[in-house]
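Letters A, B, C, D and E mark the chains in the order given here, with residues in each chain numbered from 1 onward.
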Amino acid sequence: MPELPAVPLTLEGSAVLHQMFQFDWTKWKQLPAHEQKEIAHEASELFAHWEHGPADKEHPNQSALFSEIGHKADLLLIHFRNTFEDLNRVELELAQLRLFAYLKPTHSYVSVVELGLYESSAKTYAALAEKGLEPGTPEWNAGIHEATARIGNSLASRLYPSIPPAKYLCFYPMDRKRGEEVNWYTEPMADRQKMMHEHGMIGRRYADSVRQIITGSIGFDDWEWGVDLFAEDPLVFKKLIYEMRFDKVSAVYASFGQFFLGVRLSAAHLSSWLHGKLGE
Amino acid sequence: MPELPAVPLTLEGSAVLHQMFQFDWTKWKQLPAHEQKEIAHEASELFAHWEHGPADKEHPNQSALFSEIGHKADLLLIHFRNTFEDLNRVELELAQLRLFAYLKPTHSYVSVVELGLYESSAKTYAALAEKGLEPGTPEWNAGIHEATARIGNSLASRLYPSIPPAKYLCFYPMDRKRGEEVNWYTEPMADRQKMMHEHGMIGRRYADSVRQIITGSIGFDDWEWGVDLFAEDPLVFKKLIYEMRFDKVSAVYASFGQFFLGVRLSAAHLSSWLHGKLGE
Amino acid sequence: MPELPAVPLTLEGSAVLHQMFQFDWTKWKQLPAHEQKEIAHEASELFAHWEHGPADKEHPNQSALFSEIGHKADLLLIHFRNTFEDLNRVELELAQLRLFAYLKPTHSYVSVVELGLYESSAKTYAALAEKGLEPGTPEWNAGIHEATARIGNSLASRLYPSIPPAKYLCFYPMDRKRGEEVNWYTEPMADRQKMMHEHGMIGRRYADSVRQIITGSIGFDDWEWGVDLFAEDPLVFKKLIYEMRFDKVSAVYASFGQFFLGVRLSAAHLSSWLHGKLGE
Amino acid sequence: MPELPAVPLTLEGSAVLHQMFQFDWTKWKQLPAHEQKEIAHEASELFAHWEHGPADKEHPNQSALFSEIGHKADLLLIHFRNTFEDLNRVELELAQLRLFAYLKPTHSYVSVVELGLYESSAKTYAALAEKGLEPGTPEWNAGIHEATARIGNSLASRLYPSIPPAKYLCFYPMDRKRGEEVNWYTEPMADRQKMMHEHGMIGRRYADSVRQIITGSIGFDDWEWGVDLFAEDPLVFKKLIYEMRFDKVSAVYASFGQFFLGVRLSAAHLSSWLHGKLGE
Amino acid sequence: MPELPAVPLTLEGSAVLHQMFQFDWTKWKQLPAHEQKEIAHEASELFAHWEHGPADKEHPNQSALFSEIGHKADLLLIHFRNTFEDLNRVELELAQLRLFAYLKPTHSYVSVVELGLYESSAKTYAALAEKGLEPGTPEWNAGIHEATARIGNSLASRLYPSIPPAKYLCFYPMDRKRGEEVNWYTEPMADRQKMMHEHGMIGRRYADSVRQIITGSIGFDDWEWGVDLFAEDPLVFKKLIYEMRFDKVSAVYASFGQFFLGVRLSAAHLSSWLHGKLGE
């Protein structure tokens, strides 16, 4: 039997951009009220359009706005789109808003919705190998293609998700460690699959209270994955991540970037926020 | 007997925000005296209101102001509130002050008051296991819920604390290490419990001279915990932390962020501070 | 038989400069339309000239412009030239543009096109050693010189490449690790050669969908190598890099810098971009 | 015999603040000469007052000014005071100077003069233990208190030092390592004492040419200790630190922050410095 | 026979300052031509004076200017002087130029020309020990003093060097590692001497095409050494450093800072550079 690939299959969906901004309150407050009103109106219209997504949509392709807690950002925008080119168009469109003069970019994250298929990979690789196929041959590749297409169809709504309407967002990027002794990428596929399975089991227990969207960013940004958690009760973020920190894949192999915590801000409430009011 | 959870129980209380600002003295000193007076008055009123907390308060929900030593910040504000949403409201309210034009955010910290229950966890897990319950079953979860509710009630004033009125504040964030050989999260629960117990014993000996509030920030900010120490004599911070640095849990497993040292500044003294005077 | 050199032969070609800029939309949008038009026209002319390369060119010596996704940069320029002095001239010429007042340099990368010759090195060293030559002797050096000149001639178009016209660019710098236990530079030449061969095999499977240009930056910039990937479908960047992350040379020995993702922007479309439109 | 404490005794004296500033020459040079003169005069008077220290001084409580070499700072101020509150008053007083509009804070360091008493600790702990006392008991604590008071009296001038008048200053912060294998805080007291003794022996050989003031910053700033070296000949800094780098406590356990090198600038020469002249 | 010192002898010469600046082209281009001319003239005169060095010079004491490639700096100045105080005077003098309003300091490096004497140290220590002298005794110190004075005289032109007139400069700072397992400072003197000898042998082979000046910065700046390489062909920097990266002292013990690459810019060509022309 041939050596099976070490790389798990993945499925990719929406291209995703996180944009974090500090808001220049001092400059904003110097504006006369009627200018503030015009600027807020223009921005609210665009954000409402983005919030809703395109009319003729094959995919939701929404954006969402969050009021961030702490100095790392005042506003955070998440955009889901069909392509990276479309994300770039969103950036350019935002930059044309008059409101953009009051937004200072502090962070961003570029990634793509990713479903990691550790279990399906193992099964698919084993099944193809049992048929006597060799990795890399046209027959093998056809088998892989057939399997991922089938799985992709069944998971379309997770690959091109709507943005969950929950009150709170937690976002952070992460890596798998490649240390001198602890190295995720040299662990056998079967061990990685087992650890990911246990990891997933914890997430499943929180499924009622938290929605999770994993995006992959290898080749697109400075970490390997981005994690978005959506929940009504933000304590759930802490409970979930703390519990996961003790499972093997996180305890031993995870390396975390910065954490961002925000409160959902509907486009309809942007004008109010620009007067210093949250969600009113 | 089933394998007991590796995750200790925790109780959470007030949502907490630390805000650090540099003050733009040059811009401030260019203002005419009467404008300075108006701006100082407006800010003092809000800070006095926050210092006192709401009238109809179930919890203290106070804020406190500190004059920071060193260039990392000139002013530090700590806010305790019921929810993260309320903390975001505080940020927005502060940003509407005219004084905000002279404040440059340099750091912040988002966390929640946390009581770690290593000892109670061990006892509770053992008691439930002795009853033959399995972790994760509804009966187990009910037992956990009952135990934490009971402990939470008895610790309500520590979960939603008043801000100690001490003269000096020391704040720093910290992590438990997840190194290649030294990894807190893979240590057995009993060992962690023992180390935390010894750690707590040192703190207890300093209880007369220093008040400590631990906040958890997993999922909320870039470190796992924040530590606030309040004391009349700042040398106690050094004595306490230096002694702890030799206990096993700190010597081996602690990783520290930046340290902030401040002198308490009552709202009543803010105007004086804005003229360059401390506590007069 | 004498000890053979540990250093693989390399061939160098074009000097290369990556320039990353944030664009000051706020300042730009304050300009009257006719000034924007003049400034855009001046910049477009220079960029068109650079895009095409010199008329009497021995080498392509082109530049290319990309619209970047995320806050790390809004625009990225890559320049290929004969010498580093010429690159410096490009920087100075760019700085004379009126458009430069709206460009804030955020990153850059200085390197030279490099072809690593692990396989040829091994063969050449062995052949010279079999003739009884000693490394470092004039005869040895003459043999090395003759071999690299021969290879260089056959690879001239790869040493002084045209810029691939693909829609997307992925750029990142990288190092080989020199850790306490894992150290690329103390591994035997034969092992390094084998790992590089396997690494190259993966790249070869992606050759239809991605063009790769490796540049060396030892002595020129803060990382050892820069990698430019060009593709029509940006998902290929992720697939390729993720697969490579599991091969030994990357899993164990690679250390990565920041990743930059851009959409090709022809000089002809710059004016349109300056009105917030991509590729129209 | 009971287990003796792992923590060495320390004595603390003056609270110390280092302030580093870049000077805005461009803004300064735009001032008319008479304004420069007024501003320089005001600052020189305050600095002269601080240089001298208070008239009715129990302790020297001086400040000193240095002209820094390199871009990390143009001016560095060291302040010794009785309390941290007094240091904060110094910061506020400095900020009221008209000169402050030309000073941009780039770094700072908050610490307290510390005398580490490894040898006395060992002797005192042994003596108390021989009397049959247990660490932590009131009798033990009384014995410790008596010993440190006695030593403190004999070292008063080192705890509250005058600022040495030497021409050059070298300042840097440092930590003792807490690595996975190399951990100062888990080494036995006797080994640490021996290493510190050898370390001190080197310093003693340089005592004629360099004055050293060690300050402790655990709980106050981001490193554990600050080191100030004062010498007429700055090459002595290099000789001393290079030689120490080979002793065990530095070679194995030291971790260093940034280094700052300055030339003493008397208040009387400040006006001259503000015209670009050093020490004239 | 007594234990010989672990510290190699060093000789020190010129104090050296590297200054890196970004140039504010936008602000510069707003000046009327006659002002640009005056400012350029004033700066060119000072730089020409520095380039040449003082008339009555005991040592060359020159400065040199480089046009840097990449965003880390636009201009780099190196100054060699007799003392650090003189370097500080150079900084102050530069700051008085009208051109300084267009220079933004981005980096700097403070160091002193250093000749490491590993081979002479070993011989001298052995010779003194054979005479029965003990390290640290007056007789030993006299012997050391006599030896270093003799060597210093013979190397005066390398201790106080002229600045090589080559077209390209490569500058980078570096450390020797003090890791948990790999620690230069705990290696035996004889092993370090052997590694430094092999390292030097590589440098010697490049002596025709590259001039190297090593400066020491322990106690002066954030790294231990600075390396300046001067060459007509910048590819030599890459060849030399890449080859060295495989020798043991670099492969295992070297840690590198940022790399700066510049093209020599004579004072006579500064005005031309200020119009965007290089070397014309």
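One rule holds in what follows: a residue touches a chain if its C-beta (ideal position, glycine included) is under 8 Å from a C-beta of that chain, and two chains touch if they have at least 3 such contacts.
Quick caveat: nothing in here was measured; it's all calculated off a predicted structure.
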- Tell me which chains count as touching both chain B and chain C. A
- Among the remaining chains, which ones contact both chain D and chain E? none
- Query: Through what angle, to the nearest 5 degrees, does chain B rotate to match chain E on its C-alpha atoms?
  - Reply: 145
- Query: So, what's the distance in Å between the C-alpha centres of chain E and chain A?
  - Reply: 47
- Message: Counting only Cα atoms for the centres, state how far chain A is from chain B in Å.
- Response: 29
- Message: Among all residues of chain E, which ones touch two or more of the remaining chains?
- Response: 180-181
- Considering only which chains touch which, how would you classify the arrangement: line, ring, star, complete or other? ring
- When the cyclic arrangement of chains is written out from chain B toward chain D, what order is obtained? B, D, E, C, A
- Note on the structure: Touching chain A in the complex, chain B uses residues 6-7, 10, 12, 17, 19-20, 84-85, 87-89, 91-93, 95-96, 100-101, 105-110, 112, 136, 178, 180-181, 183, 185-186, 216-222
- Along chain A, where are the residues that touch chain B in the complex? 22-23, 25-26, 29, 67-72, 74, 167-168, 170, 179-182, 205, 229, 234-235, 237-238, 240-243, 245-246, 248, 250-252, 254, 258-259, 261, 263, 273, 275-279
